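Presented sequentially are two complexes of subunit A, the first with subunit B as partner and the second with subunit C.
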Partner chain A sequence: MSTPSVRLTLDEASGHYQPGQRLTGRFMVDGSKPWAVRASELSVMWYTAGQGEEDFSVHYFDRLVDEPGLPLDLRVPRRFATVLPQSPWSYDGRIVKVCWCVRLRLTLPQGNDSLTEVPFRLGSVPAVEESQGREESPESETQG
Partner chain B sequence: MGWSTLNSNTNLELNREDVIPSRHSNPFATCWTRPGALPFLFAEGLTAELLIARLAANRWRGQIIGPHGCGKSTLLATIAPLLRAAKRRIDVVDGFEELSRWRRWSKRLTCRWWNSGLLVTAHRSVGLPTLMELSPDQELVRRLVSQLCERTATGLSAADVDASSARHGSNVRETFFELYDRHEQLARARVNRRRQRA
Partner chain C sequence: MPLRLRLFVKKRGTRRTSAPWQGMLGEVLLDVVLLSTGASFLYWLASRFLLAEEVTYGWWPWLVSVIPLALVVYGVVGLAVVLWESVTSAERRAAVAQRATDWDLSGVPARADRPDLPTVPPIDAVIDSPGVQLAYRLPIDAASGWVSATMAAVCLAWNTLVTIFVIQVVDSHMIGRPNWLLTWLMLPFVMAGLWTLVALGRQLLMTSVVGTTRLEVSQHPFYPGGRYEVFVSQTGRLQVRWLQVQLICEEHAVYQQGTDTRRATARVNREILYSGRKFDIEHGRGFETRCSFTVPARAMHSFAATHNAVQWSLVVRGRLSRWGDIERRFPVYVYPKAG
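After this line comes the complex of A and B, so read on.
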């Protein structure tokens, strides 16, 4: 079964934002005829990823629904904007990472979902670096 | 080996993925390996439907047995939709032996009284009909790693995976934890090298 080709982009190409900064972007679905999409849900959110329990929180949410008389044609680019909060800052730790992203979920008529995600960075906490002496083994680079 | 790997020599520039934290940066993160995220891989000839048929044949009472981290919860998550589709009450207890003796007795009695099913997981037999006994081997770990790395590349070699699997035996969860750490080490060392060369 085919899924729509989604374009989700942030206006800030580097993907780096500071707390309080305005995040803007747009999304659209490619195609010569409109895809049958029941709803689109755009979230600006953070989540944790790593080895332990997971957590998340949605900062901004916008839902568009396909309604009789008001069909949802996502070939038309939709813009979104939100002011980013003061925290939590993005963090690239070894055990846990705090990740920010813009996530677009399209609900298709067959009950399937299409999920597109664009990560971005909030704040400027440096990534945890690997300690000296732990080097990448040469054989690990060449395995295929 | 069937999974893709990072080639650290071809591109010395820092990628966007290198500097923006994301769950996609490590294929062994909990979000990819927890029960429900990773489908249970059945041995040849066995399916979820067959397991449910076995449960039904035993008057909806059964146990899934296996050591720590072998995939019992993952199996439960995989068959959950079929259990719901059975349209009858089935009590599911993940970790039956963790209940006190009185609670176990009470649970069995309640299920019998209400004529509901009872499906449990345990490390050893708790006296219910055995539906499946899990003992994952190295080949299964390879298949799981291959599946996880379809989405996110890793610098880990087949030898790394086999060594970790051999260390942890049937405890696939621990194997994934170790592979997670190893992947982090390699990825960070690679980024450090790129930074230095840049």
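After this line comes the complex of A and C, so read on.
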């Protein structure tokens, strides 16, 4: 089964944002004929990865629906914009990771979904190194 | 892979024992069964007792009707949830939930003093106590109190059960018909009971002997790159082999492994703010020290989600000559710098 070729881009090429900064971008579907899409959902969201169960939250959500009088032609580029929140910052820890992304979900007439994601970073927390936070007893330190 | 019904197999790891649609089907079937059982019971109750014209049964049929009503409500809500989850995406559900939590409740004033920081825990619980030396006295982590309470509960329950059996064993010996098998079987249980008593006594003694640890900070919340002062006071009559005050950052993750819920912790930052070795703390003259520290400039802020968290704490750790190791934690919060 073929899926539409989606172009989802952020205007900030580096993909690095600071809290409170405006995130803008656009998305469109390639093709000479319009794809039959029941709905498109664009989300600016964060989710956790790592050892724990996934937590996620949607900061910005925009849903476009294909209606009889107003067909959804996604070949026309659609712009989106949102002001990013103060938290949570992107984080690459040892067992907890916080990842931000822009996710586009297209609901196709067959009932299946097409997902496209563009990750970006919020804030400037560096990745945790393996040796960080290791415990040593003061007695073992002195005994060498 | 052939489809097999495995109701009594304990699931391990993260693998699934069935396809997601099978789980959804099971949920729908359960809700339909609950709904139909509740509706049938309610119909029977209404036709037989509630609406009976010839005899009045008083208030009890109305009370009993709570049971089928609960089944009906549970079934209807369950079906509605399954339907909603099957026709909407996870992001759309999250967005709806987010909008619902953003609604202002009438009569509840908005917190103007706290910036809008999603997933960053509020500090209200740790700044309600002013300090003597510095601005805020930090509350101790409640976990240490729970250790004593849990140990006391386990000790009481275990020894009550063991005592009942011991009385029976002693009785059998008193009347001249000793049950030697039960007598020998009781020995390890009695030993375990004595061990719980000793452990509880030691824990209570340690709590009272070691005394109070007081920790105060000059400002709260902390911010990355900020410099703060901390005051530590330890009472008791102790011979200290070493004592440290640390600023630590830990990651906590809760995950399902099969049918078990597990918790993992990883320490990702540790700064030693004070370190002292081999000194005595006299009774009536507590140990006091003051030091300052800087929160790492590019540190992650405190983060709390349902299954994942990044927690900062000030920890007083040490080793005492007769009492072994002590560790007392004081949760603190690091807020992100405003963008």
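As a working rule, the second predicted complex is superposed on the first by the 129 of 144 C-alpha atoms of A that agree within 3 Å, B and C clash if a C-alpha of one lies under 4 Å from a C-alpha of the other, contacts with A are read in each partner's own complex, and residues count from 1 in each chain.
Everything that follows uses one rule, which is that contacts are C-beta pairs under 8 Å (C-beta built on N, C-alpha and C of every residue); 3 or more make two chains touch, one makes a residue touch a chain.
This one's a predicted model, so the numbers in the text were calculated from it and none came from an experiment.
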| item | value |
| --- | --- |
| First, second, both or neither for A:Gln51, with subunit B first and subunit C second | both |
| First, second, both or neither for A:Cys99, with subunit B first and subunit C second | first |
| Which superposed partner A:Val128 touches (first subunit B, second subunit C, both, neither) | both |
| First (subunit B), second (subunit C), both or neither touched by A:Asp30 | neither |
| Subunit B versus subunit C as contact partner of A:Ser43, first or second or both or neither | second |
| Greater subunit A contact set [subunit C / subunit B] | C |
| Touched partner set for A:Tyr91, first subunit B, second subunit C, both or neither | both |
| Which superposed partner A:Gln18 touches (first subunit B, second subunit C, both, neither) | second |
| Contacts of A:Pro119 with subunit B and subunit C, given as first, second, both or neither | first |
| First (subunit B), second (subunit C), both or neither touched by A:Glu67 | neither |
| Those residues of subunit A which subunit B touches in one complex and subunit C touches in the other | 50-54, 91, 94, 98, 128, 134-135, 137, 139 |
| For the subunit A and subunit B complex, residues of the former touching the latter | 15, 47, 49-54, 90-92, 94, 97-99, 101, 119-121, 127-130, 134-137, 139-141, 143-144 |
| Interfacial residue positions of subunit A with respect to subunit C in the complex | 18-21, 41, 43, 45, 48, 50-59, 61, 63, 84-89, 91, 93-96, 98, 103, 105, 107, 113, 123-126, 128, 132-135, 137-139, 142 |
| Residues on subunit C engaged by subunit A in the complex (per definition of touch) | 89-92, 94-95, 98, 115-120, 241-242, 244, 248-256, 264-270, 275, 277, 298-301, 303, 305-310, 319, 336, 338-339 |
| Complex contact set, residues of subunit B against subunit A | 1, 4-9, 16-17, 19-26, 29-31, 155-160, 177, 180-181, 184-186, 188-193 |
